[in-house]
Amino acid sequence: MLRESATFPRTVIHEIQRAAATGIYDIRGWGAKRSLPHFDDLLFLGSSMSRYPLEGYRERCGTDVTLGTRYATKPLHLDIPVTIAGMSFGALSAQAKEALGRGASAARTSTTTGDGGMTAEERGQTSRLVYQYLPSRYGMNPVDLRKADAIEVVLGQGAKPGGGGMLLGQKISDRVARMRTLPTGIDQRSACRHPDWTGPDDLAIKILELREITGWEKPVYVKVGATRTYYDVKLAVKAGADVVVVDGMQGGTAATQDVFIEHVGIPTLAAIPQAVQALQEMDMHRKVQLIVSGGIRSGADVAKAMALGADAVAIGTAALIALGDNDPRYEAEYRALGSAAGFYDDFQDGRDPAGISTQDPELASRLDPEAAGRRLANYLHVLTMEAQTIARACGKAHLTHLEPDDLVALTLEAAAMARVPLAGTDWIPGHVGRGL
Amino acid sequence: MSPDQRVRPAHPHVIDVGETGLRETNRALQASDGTGRFLLTDPRGAHALAVGLASPDEVVIDGPTGYYTAGMNDGAHVTVNGNVGVGVAENMMSGTVRVNGSASQSAGATAHGGLLVISGDAGARCGISMKGVDIVVGGSIGHMSCFMGQAGRLVVLGDAGDALGDSLYEVHIYVRGRVASLGADCVEKDLRPEHHAELAELLDRAGVTDVTTDEFRRYGSARTLYTFDVDNAAAY
Amino acid sequence: MCGIVGLHLRDPDLEPRLGDMLTTMLGEMTDRGSDSAGVAVYGNTDWTPPGSATVTVLADGEDAQVLAARVSARLAAAVSGRELGATVLLSAEVDVDALATAVRTAAPEVVLVGLGTELAVLKGVGLPRELAAGFGLPGVSGWQGVGHTRMATESAVTPAGSHPFSVGPDQCIVHNGSFSNHASVRRAMARRDIHCDTLNDTEVAARFVAEQIALGAGIDEALEEMAGVLDGFYTLLVSTAEEFAVVRDPIACKPAVIAETEQYVAMASEYRAMAHLPGIAGAHLYEPEPGRVYHWHR
């Protein structure tokens, strides 16, 4: 009988062999693939006798959310609390960016630019567009800044907190290169720190500048990868954020070192209670809105994130899947690339058969932005209806009325991280019980 | 259109920044149609002053300013008589920013266009990630200047600090004084006739008259980090 | 994450104006940190009577006179007590160690935040201008002063967690930035029986530098030794009864500006903190280079 080593399974052996052969770390897309305590480890307490549920179709369950009510004179109003996370033109094809805009607009929610500037296709098809302000400042300009509906200052993302962007030469097409002021075809290495500020005291001044440039109209978000979330959220609020975005380690990326994706950051589940605690201690919960991302897949995830205290969530990987990423109809082509539908994560290579994570004109043209946008809108509606289903069962007339007390945990890990009791007990490991 | 070609009022519109406040000062500047002349007094080191200007107005600031002076300038002609803080003319698109004084770190950071002239010294990271701007510094610049510089020209009449042009892309760097050290992938290059011409034109636009282009040395990217090569791994 | 200000006077004629200048400098740095603030003043004969040792403590509301009486009983010498905001200054005509030891034994519940013969350390939670007014800072004289406005990163917003950190005689440190390995250095120092009162990263640096100075290092050597042990981002202003020193980490992201005239050396996180100083227009102004210790002797 062959026995595989638990310490050196085939995947590990393969990685050692690959590293020895190439001399470079493994770079890939997608997010963490390891198993982590997640929303699946939480369950809702539906109503029965002590609480009363709402009727499915007749009794209203609100889903809207307003972001940026602290300082912005034009806060962003969304019909649903599910937004599209920042993904760059460059990482994604122009068609994919347009499809994200179409889908989000149809669902009356927002989408977000990325590390590479704003394209006309995206702005044109997007009713609510968040413009990311990143360390690289590729394509950053005041004209687009004023066109944006909100500004997201990015300190990091869940897949790589503390790391900069990366875009390999295969994807630096002429158009991407022009937008980023780079030579065509080179490996782009982005900075991990902003070029003109470091730390929250200087960020406060940067936010002042962005507000002065845009007349104090637009909500200013601050996005952090989940690590020391309690402190980071407090500092984002001190620096003047209208909205804080916390991206857990399951959050996706277009290209990052595998070691970064799998070994840096904390799970989304662990980050939310830290963020909410920080906001509550500052009396800023619901005043500075909290957007959570990293591993949101279903309406149950949406409801759970919101019950833990998020005002909205953002999706990235799931949105790409809705557009058509990893579609089984391209199985043969995925196989030819050494992958398979459901496994493809070589977003950095730019050879995506689905035409999403590519700059190859032929591949990109496979994605019909209208049809893909419709699929995304469908998916967003399903997420919303699922979240409403759960909220009604918990007797809530609005998604934001979900609360941690509606949740229990299936595992000790999830109970400790989410700070909800283990199912059937009043025990929150590491915390004083709140009583039944 | 250069500022002198426009019909401007004989006397500048004077705004006392301390009295008027930052928001109202910037609002007044941002609302101008490009024919304006403004004199800003009593800036008290204010941050984010004269930011987001999108028309070719003339703005003179009398006194020291704080962070991000003339940030994202897109066409205005801004002069500061005094020292400026971090990130002067950051992400400038077009126009000119002249500092009659010294600048703190990250001067001209990520700027895409226009001309930034600093008569005194500039601190660390001058021209970091510059994307097409021209920067002329009368004095010296600090360490890590032109880090990841992508495009544009950087001219320094004095000395440059450590790690000049680290991870450089396509910026042309000209230094008249001593360079403490070059960053990864930055090398000295020949100053060919076209570079003398380019440099002369930049010095002329900056109003520098008392130096010749022979006094400079040129630095640029060796382009060895443009695509990953295992033999360059130590530079990462 | 914070704002730093400091003044080292060369011209005795300016000494009566030290507190006034420092107050304005501190107020200008409010935007960089409004959680808490603190100042240290050297050579104010009222706060630190000549011929006496002075210890600054945080007494958690205990009456200064009652506290002075308790220490006096332990010391068998007269102790004067003065309350300034959240802090209490205790002075006695004994040596510094004797007074500090008496305070620690007579009132183990108080937190000792400064000691020396020339140094008064005042700190508290709140807006810098209000705290400075509460201390009576605008009217005080002295020959050297430092100040700090704090935007707390990872440790509590308390008077004890505020800067300046003064843990060696007449020594003081203020910091802008964030150390990335202070927990390990803290544990290593604990094994050498050097203990911190707070979880603030700056206190670790202060105690490390004080240890080096106690071992006989000069301020340059102490800071160089610290740079080899403590990792992270910092602009530090360090002062003693003789010296005034500035150092930034090798990456040097956190801002710092130095102004020198014949009358003074001033340092601040931003120029605007110094814009009102006399003769600033003619000052030699520069930003300290990374990893280099700048220092001035009295």
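When the chains are written out, they are named A, B and C in that same order, and each has its own residue count from 1.
Everything below uses one rule, namely that a residue touches a chain if its C-beta (ideal position, glycine included) is under 8 Å from a C-beta of that chain, and two chains touch if they have at least 3 such contacts.
Small disclaimer: the values here were computed from a predicted structure and weren't measured.
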item	value
Category of the chain touch graph - line, ring, star, complete, other	complete
Most distant chain from subunit C, judged by the mean position of its C-alpha atoms	A
Geometric centre distance via CA averages, subunit C-subunit A, whole Å	43
Chain centre separation in whole Å, for subunit C relative to subunit B (CA means)	37
Contacts with two or more other chains, residues of subunit A listed in rising order	202, 205
Numbers and ranges of subunit B residues touching at least 2 other chains	47, 66-67, 86, 105
Two or more partner chains touched - positions in subunit C	31, 253, 255
Contact set on subunit A toward subunit C in their complex	193, 198-202, 204-205, 228, 231, 235, 238
Residues of subunit B defined as touching subunit C within the complex	44-47, 63-64, 66-67, 83, 85-86, 102, 104-105, 121, 123-124, 142-143, 161-162
Of subunit C, residues touching subunit A in the complex	1-3, 31-33, 35, 151, 153-154, 176-178, 233, 253-255, 269
List of subunit A residues in touch with subunit B within their complex	22-24, 136-137, 140-143, 145, 169, 180-183, 185-187, 189, 191, 195-197, 202, 205-206, 208-209, 212-216
Parts of subunit B lying in touch with subunit A, wherever the complex brings them together	22-23, 26-27, 30, 47-48, 51-52, 54, 66-68, 71-72, 74, 86-87, 90-91, 93, 105-106, 109-110, 112, 125, 128-129, 131-132, 147-148, 150-151, 167, 169-170, 225-228, 230, 233
